[in-house]
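Have a look at the structure below before the remarks.
Chain IDs A, B, C and D follow the sequence of writing; residue 1 opens each chain.
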């Protein structure tokens, strides 16, 4: 209960930063922070393995990937971003707030299921066994998916053989 | 399972020709002739190996893609392969055509194979109509100046006839529940079709016999246009004359035979119940066809039109024999003579007409397109070999014994005279007139003093000699040994006879 | 307020924030950031239900690992998605020299 | 033995046919091999034919090899084969023998010919076909060979095809005989349809055996004729075409356009004999109606008319070959009389005797023409007796045989036999009287010809006639010997030939002349010849002073003479009555085609096209206006709608988000409610 109470505001704060920061790199870094905090929350809740995975994959891979992508691409115009924010914020909130309202309503008032408290303990052995027995097809499918993604991403990201007409700008 | 494949060999060849860019017209022709030879060999092999092939297509409606090759089909398939080969060779020799031309000829060949082997109306009719498109294109695109009009007429007339035929067969499908030729033949021999028609079309208030007569007439119309029988022949002279000469060979040698074949395979076995009623009409139309063809040929000055009319005349004999079979009730030996005569006449006329048109093609090539009766003269002195070989074809055409034309005519008249003596006796005048106009052609083109403009003509080249020699062999051998053809056809003919008049 | 409700509220807000990012940020990469946030919100829910409800009480035969398993798969798929998404964005960038979504309107009617 | 015999018999017709076939495809421009091949083949087949004759010499011998199956149609098997009886053996021996000498003669006559080899090829084909006609044991095979004879004659008459007249004559010959052939064809299939067989003799089932004959005689058909009579009449028309009987004779004089050996062959051995042979062969069918049945009566009268007509026309001709041609027509008429009045043997005897002396006459006429540098007009000849003594000698023999000079010439005895059979014919004396007149005329015109050609002074002094080479003279002497010696076997004293044909043994019959009427007939024949010759000598002895002098009879007879000279106008009549109407009719049919059928088809075409137009119009009004209108409207709406598509992804997302939210709210609202 206590780690939750501590971590929740931090997570929200970091997430807000990720959404609000005008400079893309800052936003990305705030995202990394958010993900890391969520990982800590997992650890605190007893899901050690998931937390570690979250760390490794999200913080270590995805966030870093995003940062690199930002470095490769030309960042947009910051001033324009700030200038145009109020207008886009209005429409964004117009959509977001009803969603938040519904979700929050459900979260606060809708969870009337009867819970039986326990000491959650994630057994890595059991997890592994399940992964390679009953969930083996899913793992295999995932493996194929990841392979395809790897090849596809490499293909997409590859510099084209023949430079386009805009290559003269380089 | 060879039967369906030899049908597709020319089609595959046509597709290959269509997609292979950049080969010369001559190579295209060679390739087409190779396809033709391969299908000929496969057909010959198929005679021994496999006779039947069937694929249920819409079993609920009794529709099957059923093909079968008996002796009768085999002779016609053989004729298709031979005449196509000759037409392709003649085109090559004439320097006519390109890739598309040869591809269309091969498509036509494929469809003709289908027509002569299909045993169910649906695949048969598909092939029957499929012959029309390549033939139309061949006349339209490679023909003379009047070709577009002639081709359109050909197309419209035959298509119109087919439409009636389709309606007739739909009526049979609705009432008898099948369009399979053999099944219909069996039903017909039990006299069941008229009853079925009467039941299905009770709302018309007509008797089964009347209905069946109407259906038979509809089918007859489709066949009559194709053969053609007077008065549905008017498309023929212009189409034959305007088409490029090798295509004319295909038209007269093969397309007209479709009608004759269908008469034997469909018309006689399916409608025996109304044949006696229709026989007088058929007989006198046949006599009219014979006489009109011969007399009109007498008045022609265009060699191609003359031979075209002579084809009308020769096919008239086939119709005469078929009419005799229709009229007969019991004279089995006369009927078998008539049917054998039809088969032989159809086969031999295909070959002979090809030879005659090859000769005209040679005349046309040498004279740069002239083919008038009076454009030539005295060629025998200049081109003795050509004259000799062409003369053999001419004499075969007028029924000289020892050459193939005679046997068919003898059997036809033998059968027809026993059943319908008056009609046969009148038709004999046709035989006489054939001699008159053919010999007049020989005299005007080959005999008499040599025209000075023809003094530089060369005799046949080696290739032309080979082509003509091949045709002359095909003319001479069945003339002396008709058994080579009858050996194949006779079992089928006996079968047909049994079907026509079931032994009680 | 039960811990579960708190967790769910947290994830709701996180989801809304992600959605806001998706809808308002003009940089395509930052839209991807929003999507990651929304995915994480979903993952939080899985873990929450796993952590605050005993599976034994529901007579489960198998070990109660559905939540973590789903999270595992979700993380893997999210990684894949991020990789492909970023690759696409890179390609778009190479074409248009921009990652500004407002400029990518060739589907405009 | 029978089998070997069978093969050898087949060789008789097949050897010349094969030789002809080989020559046709032989690359032999000069014809050196061709002539040897043709003569060799014919020589062998002549020996075989003589051997075959020897086989059937004993009276009553007939050999019928087993027929071969030619082909099978339906359940029916068609058989053909050869037949050796006195009739066919005698004919075969005559044909091969006479033809052989004509071949040898041609070696000399055609020596300078360009197409020498081709000529021998056609000759071989001609002989082979004729031998097949003669030896055939089946009416079908006979008909086929008959047609081949026609083909060969067509090729030979048109041998000088560059000459339009030769080309026309060949065509005329083929077509005129084909008129007869078609009748023959019908008669044949009629007989076949009735009796179920075309074999003459087939162990009791043959066409000429009692079973078939009685069924033929029993069945009646149109006009109350029996089938046998009707079929016989058709066969007779066929024979008339081939044998040049009135009114189908017009081709025969025109056939002179061919080279002279061809004329000899046509007139003597191969072509015209076929018609007479056909009637002789099928005589049992002809005679089914009795001696005065319609078939035999028709035969006799047609023969009589022909004999008289041709003899009259021959009187007024100037062309040496044309006179001989009409004399052939006339003699064929005699043979027909003989057949009609019941004497197959007399007809055949006259046929064979005639073959010898007519071949002789034609060949010597050829020799005359050759010697006079291709001159054929007898008005321009004269006095050739001195220039061509050998030719004159054999010509005189031939002429006397034809005219029927008494006792030593075969022609006398054969004609005497014909007159004999005609006289005792129960059907009337008409044919007999006409035949007697014709015989008198024969003596008259033959004497006229001989006088004009060989006697008197030459009427073309500038020409220098010369005797022909040995290769042409020797055959003439051989044939002349034949024309004389044949009389031995045909006299009433020892009528061997007549008995042999009928399968009986001949005995020497010393009292023959003592029989009733025999002496009278002999005297009559003698008188006829004497009167004919005498009259002719009286008229023509010194009549022709120069080639321009008109014929003495011309001035006396006037118009009738010119009528005869034009062969009684048959050609002009046919031109007017048959050929022109036919051409007119053909033109009419062609017009019919162009004016009626093609427009009718045009109507059908227009109807179909009209349907097409209507369909198209209805498409345009109904479908296009309706369907296309909807489509156009849709497209306009779509244009305006598509403007709402901003292309901005976030705009779409917002819309989706809003939509999802609304749905969620609705869901909760409703589920809560």
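The criterion applied here is as follows: a residue touches a chain if its C-beta (ideal position, glycine included) is under 8 Å from a C-beta of that chain, and two chains touch if they have at least 3 such contacts.
Source: prediction; values computed, not measured.
Colleague: When contacts are scored as defined above, which chain pair ends up with more C-beta pairs, B-D or A-D?
Modeller: Of the two interfaces, B-D and A-D, more C-beta pairs touch across B-D.
Colleague: From the C-alpha centre of chain B to that of chain D, how far is it in Å?
Modeller: About 32 Å separates the centre of chain B from that of chain D.
Colleague: Using the average of all C-alpha atoms in each chain as its centre, how far is it in Å between chain A and chain D?
Modeller: Distance between chain centres: 111 Å.
Colleague: What's the distance between the Cα centroids of chain A and chain C, rounded to whole Å?
Modeller: Here chain A and chain C have centroids separated by 5 Å.
Colleague: For chain A versus chain B, what separation do you get between their C-alpha means, in angstrom?
Modeller: 80
Colleague: By residue number and range, which residues of chain B touch two or more other chains?
Modeller: Residues of chain B never touch two or more of the other chains.
Colleague: Mark out which residues of chain D touch at least two other chains, giving numbers and ranges.
Modeller: Where chain D meets two or more other chains at a single residue, that happens at 650, 654, 657.
Colleague: Do you know which chain A residues sit against two or more other chains?
Modeller: As it turns out, chain A has residues touching two or more other chains at 88, 91-92, 95-96, 99, 106.
Colleague: Got a list of which chains touch which?
Modeller: So, checking each combination of chains, I get A-C, A-D, B-D, C-D as the touching pairs.
Colleague: If you look only at chain C, which of its residues touch chain A in the complex?
Modeller: Residues of chain C touching chain A: 1-21, 23-27, 29-30, 32-34, 36-37, 40, 43-44, 47-48, 50-57, 62-63, 65, 68-69, 71-73, 75-80, 82-84, 86-91, 93-95, 97-100.
Colleague: Note which residues of chain D are touching chain C in the complex, please.
Modeller: Within the complex, chain D touches chain C at residues 641-650, 653-654, 657.
Colleague: Which of the residues in chain D come into contact with chain A in the complex?
Modeller: Residues 650, 654, 657-658, 660-662, 664-665, 668 of chain D touch chain A in their complex.
Colleague: What residues of chain A sit close enough to touch chain C in their complex?
Modeller: Against chain C, chain A makes touches at 1, 4-5, 8, 11-12, 15-16, 18-19, 24, 27-28, 31, 34-35, 38, 41-42, 45-47, 49-50, 53-54, 57-58, 61-62, 65-66, 69-70, 72-76, 81, 84-85, 88-89, 91-93, 95-97, 99-100, 103-104, 106-108, 111, 113, 115-118, 120, 122-123, 126-127, 130-131, 134-135, 138, 142, 145-146, 149-150, 152-154, 156-157, 160, 164, 166, 169.
Colleague: Hey, which residues of chain A end up touching chain D in the complex?
Modeller: 88, 91-92, 94-96, 98-99, 102, 105-106
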